[in-house]
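Supplied in C-alpha cells, the structure appears directly below.
Chains here go by letter, A, B and C, matching the order in which they are written, and residues are numbered from 1 within each.
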Amino acid sequence: MSETAIKPRIEKVPLREQFFQKLPVLLVPMLALLGLMAIGNPASWLTLTVAGLAMGMMIFIMASGLTVVFGLMDVINFGHGAFVAVGAFVGFTVLAWLAGWTASPSVMLNLAAVLIAILAAMVVTGLLGYAFERVIVMPVYGEHLKQILVTMGGLIVAQQMIYVVWGPDELHLSRPEAFQGSIVLGEAAIEKYRLVAVAIGLALFLAMRHILKNTKVGLLVRAGVENGEMVEALGYRIRRLFLIVFMTGSALAGLGGVMWGLYQETITAHMGSEIMVLVFIVVIIGGLGSVEGCFIGALLVGLLANYTAFLAPKVALISTIALMVAILMWRPQGIYPVVKAK
Amino acid sequence: MLTRLLSGDTPRSGLLTVLLLIVLISLAFAPFLFPGTKSLETAARICIFIVLVASYDLLLGYSGIVSFAHTMFFGIGAYGTALALNTSGPSYGSLIWGTLAGALVAALFALAIGLFSLRVKAIFFAMVTLAVASAFAVFVSQMSWLTGGEDGLNYKIPRELTPAFKLVKEKVLGVRINGKLVAYYLVFFASAVLFLIMLRVVNSPFGRTLKAVRDNAFRAEAIGYRVVWYRTTATVLSAVMAALAGSLLAIWLRYTGPATTLSMEIMIDILLMVVIGGMGTLYGAVLGATLFILAQTYLQNLMGVAAEATSAVPLVSTLVAPERWLLWLGVLFILSVYFFPSGIVGRLRAGRA
Amino acid sequence: MADNLLTLSGVHTLIGPYHILQGVDLVVPEGGVTVLLGRNGAGKTTTLRTIMGLWNASQGEIRFDDHLITGLDTPDISRRGIAYVPEDMGVFTDLTVAENMTLAAANAPIDQKRLGWIKALFPPIGTFWNASAGTLSGGQKQMLSVARAVIEPRRLILIDEPTKGLAPAIIKAMTDALRELKETDTTILLVEQNFAMASTIGDTVAVMDDGRIIHSGVMRELAEDDAMQEKLMGLSLEAHQ
C-alpha cells in the first residue's frame, strides 16, 4: 500500500469559515440579545424569552416529524396539521374524563393525568399516521403534485371528522392545578407551564439527537435521508423505516397538539392548519429534512414571534415571514441544507 | 368564427358541449330564467369563480405548480377596488384605477414570490405560498384602520350599478331592469372575456411550452427554455387574472372582507373546484365552479333532508348533516386525484371515443 | 449445483421512455472475477442496477444461485448475499466511517476478526474510523464502499468502476485488494473501463454494446487476442464517438 494513498486529508479551516459554520447555532442567542436591546426592560424580556422558547419547543415537536419524513422519502404531508388537532382533541377528552385528577391539588395526580392524556393522544395520532400513510400517501409516492393535493384532501376530511366526533364548537379546558400560575423571578413572572414546555421540548430534542446519533434506526434514518437506494442495497427495507418514522412524526404532532392545547387552553378543529403555517416556516428555515435546522428554526420563530408580539403586535406573523425570507436570501436551502446523493 | 373565439380549443365531447352550453345560456339569461335575489347572487358568484378557478388552473393544471396564495391575489384585487372606491368615492375613475392598482400589486407580489421560490421544488413553492398567504390574511385583518379588519369594507359603487338606478321604467319579462342587472351583466361579460383570454393563452405557443415544462422541466431546460421564466410568467398571469376576478367580486358585493376573499376556506374551495372539474382543461373550471357553487348553495338543503331522515341513527345523521358537506367533497377530492385526475372534463372527453 | 452463480437471460430494462437493456444474456461463474466491459452508455451500470432490483427488468429472468430473483425487492436481493458498490460509491457522507460500516453489517454486529482483515486490506478504514465519511478523499471513499460490501461474507459483489477518477497508486491498491478478495470464496462482477486493470484481475469477461452482450469468454484469451481486442474495444472507443 502506497503511503500517498492513506495520507489524512486534514485541511485547516480558516477562522472566518469556522465562524460561518457555527453561525446558525449562534443565531438564537443573537436574536435573544437583539430582543433584549429592543425591549429594554430585562424582566419583560425574560418573560418573553421563556414564552418564545416554549412556543419554539412546541413547534419543534410538531415540525420534527414532518421534516424527517420529507428528508427520508421526499414526502411533504400537508395534512400534518390534522394530527396536531386530533392529538389536542383526544388529549382534552382524556383530561376531561380525568377532571378529578386535574383539579386535585396533588402534583402527582396532575402529572399522571397529563401523561395519560399525552399517551392517548400519541397512540391515536400514531395509528392515524399509519392509516394516513397507507391510504393517502402511499399511492402517490414520487408524485409531488398529487401528494400535495391528496394530503390536503386528507386534512379537509380529518378536520371534518373532528367536527363529526367532537362537534363544531371549540373546546375549553383549564390546565391542571400544578401547571397553573407563575414563578416570580426578580421582577419577571414566568408561567410554570412554559417552563414545562421548554423542558419537554429540550428533553425530546436531546432524545431525538441521541437516537439519530447512537442507534441503528437513527443511523438508518440519517443514511436514508442522504441515499435511500443505498440503504436498500445494504438490505434494509426503507419503506418500513419510513412508515415507522411517519407514525412517530404523527405521534409527535399529537403530543405537540396536546401541549399547544394546554398552552392556549382552547382548541378548535382548525388549530392544525393555523399552526401548520408556523411549522412550514420553521421547516423551510431549518432546511427541509434537517432536525437540527428545524430546532434552531423553531426557536428563532418562537422568540421572534413573542418579541414582535410585544413590540408591534400587528406584524407578528409577518415578522416570521420576513425572517424566512432573510434566511432564504442567506441560504436558499435553509440553515442546514440536507445533503442528497442525487 | 366560434372556433377562433375559443382559440381552436373546442370542448371535444358532445356531452361536454351540451353541459357548457347549458351553463353559458343559464348564466347569460340568469336574471330572466331564475328570477330572485338568491339565484342572481349565485349566478354572479359562479361567473366570478369560473374566472378565479380557471386562473388557478393556469398554474395547477397547465404549469404543474401548486400555490396556496391564490386567494391572496384574489383578495388583493378585491381590496384594490374596494379601497379605491372607499377612499376616493364611487366614481368609475376610482373603480378603474383601483382595479388596475390591484392587478399591478398582485403581479408584483407574484413576481417576487415566483422569482424567490420557483427555482426550487414544487413542494417548496406550495409551502412558501401557504405561509405567505396566511400571513397576508392575518396582516390584512390587523390593519383595521385601512381595511376594516375582520369586518371588512362596505362602500358605494357608481350609481348606475346599484338597484337604485332604473334603466327602464317597466318590468321586462317580469324582471326589473335596474342597476343590479347592469352590474350582473358587467360581471358576466367581463368574466366571459377574461375566460376567453385565458383560453387564448393556454392555446398559444406560450401555453404549449408551459405544458412541456410541466411534463418535463429537465428536458425543457435542456432544449433551451428558461423554465423559471415560464413558470414565473404563468404565476404572474394567473395572479393578475385572480386579482381581476377579485375586483369583479368587490364590485358585485359592494363589500370586501377577509372572509369573502382571503380565507383558507376559499383556497380549499378553489382547489376542490379545479380538481373535480378537471386539471389542465379550462372547461373543467367552468363545470367545477358551477357544480361546486350550486352544491354549496343547494346541496346543503338536500343533506338537511337526509340528516332529518336518519336522525334516529346517531353517527350517520351527523355524517350527513348539512354542515358536513365538505367532508364528502374532501373524500370525492381524494378519489378524484387518485382515479380521475383529469376530472369531469377528462372523463367526458375519454368517454367520447 | 450450478457452477454459474448468476445468470441473466434476455433481460430488458426500460428507464422512462428509454430502452436501455435490450436482451442481456450474461453468466457469472461461481468464484473468480467476471469483468463487464463496454463504452459509456452501453448499459453496464443498468445491468448491475437491474440485478440489484434498483430498476426492474421488463422482460427476461435473473437467476441467482438457481433461484429466480427478478421482481424481488432490493433488500431481499441484498439479503440473499449480493452486495453492491455503486459507481458514485454510495457512501453516507453524513455518517462516520464506523457508522457506515455498522450499517453495512446488516445481519449481525460487526465481526471483529473480519474487520481486522478489512483494515489490513484498506488501511484508511482503520485510520479514519471515527472520521466523518464526508471528509474522506475519493479513493478512501471508494475503499470504504468496497469495505462495506465485504464486512459480512457475501456470495457475489457487484462493483461499478472502482478505479474511476483515482490516482494510479490508489488504483494499484484497489486492484491488490480485489485480488485478495478473489482468494476468499467471493464472486465478483466488475464493471470496468480500464482494460489494463481489468485484464490483470479478470477471469472471465463480457463486453456490452447498445444494451446487449456482444462477446463473452475467458479474459486471458481476450487479453492475448489483439485483433479481437481491436474489434471489441475499437467498437467501444471509436465507433460511437
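By our rule, a contact is a pair of C-beta atoms (placed from the backbone, for glycine too) under 8 Å apart; a residue touches a chain by one contact, two chains touch by 3 or more.
A quick map from chain label to UniProt name: A = LIV-I protein H; B = Leucine/isoleucine/valine transporter permease subunit; C = LIV-I protein F.
What you are looking at is a predicted structure, and each value in this text was computed from that prediction instead of being measured.
Novice: Computing the C-alpha centre of each chain, which chain sits at the greatest distance from chain B?
Specialist: So the farthest one, by centre of C-alpha atoms, is C.
Novice: Which chain is the middle one, judged by CA centres?
Specialist: Of all chains shown, the one whose C-alpha centre lies nearest the global C-alpha mean is A.
Novice: Take the average of all CA coordinates in chain B, do the same for chain C (LIV-I protein F), and state the distance between these two points in whole angstrom.
Specialist: Roughly 56 Å, centre to centre.
Novice: In angstrom, rounded to a whole number, how far apart do the mean CA points of chain A (LIV-I protein H) and chain B lie?
Specialist: So the centroids are 34 Å from each other.
Novice: Roughly how far is chain A (LIV-I protein H) from chain C (LIV-I protein F), going centre to centre by Cα mean, in whole Å?
Specialist: Result: the chain centres lie 42 Å from each other.
Novice: What are the residues of chain C (LIV-I protein F) that contact at least two other chains?
Specialist: In chain C (LIV-I protein F), no residue touches two or more other chains.
Novice: Quick one: which bits of chain C (LIV-I protein F) touch chain A (LIV-I protein H) in the complex? Just the residue numbers, please.
Specialist: Residues 52, 54, 73-75, 78-79, 83-84, 86, 88, 90, 92-95, 99-100, 102-104, 106-107, 123-124, 127-128, 134-137, 139-140, 148, 167, 169-170, 172-173, 176 of chain C (LIV-I protein F) touch chain A (LIV-I protein H) in their complex.
Novice: Can you name the residues of chain A (LIV-I protein H) that touch chain B in the complex?
Specialist: 70, 76, 78, 136, 139-140, 144-150, 152-154, 156-157, 160-161, 163-164, 168, 273-274, 276-277, 280-281, 283-284, 288, 313-315, 317-318, 320-321, 324-325, 328, 332-333
Novice: What residues on chain B touch chain A (LIV-I protein H), complex-wise?
Specialist: Chain B residues touching chain A (LIV-I protein H): 60, 64, 66, 116-117, 119-124, 126-128, 130-132, 134-135, 138-139, 142-143, 264, 268, 271, 275, 315, 318-319, 323-324, 326-327, 329-331, 333-334, 337-338, 341.
Novice: Which residues, counting only chain A (LIV-I protein H), touch chain C (LIV-I protein F) once they are in their complex?
Specialist: Its residues touching chain C (LIV-I protein F) are 1-2, 4-6, 8-9, 216, 219-220, 222-223, 225-227, 229-238, 339, 341.
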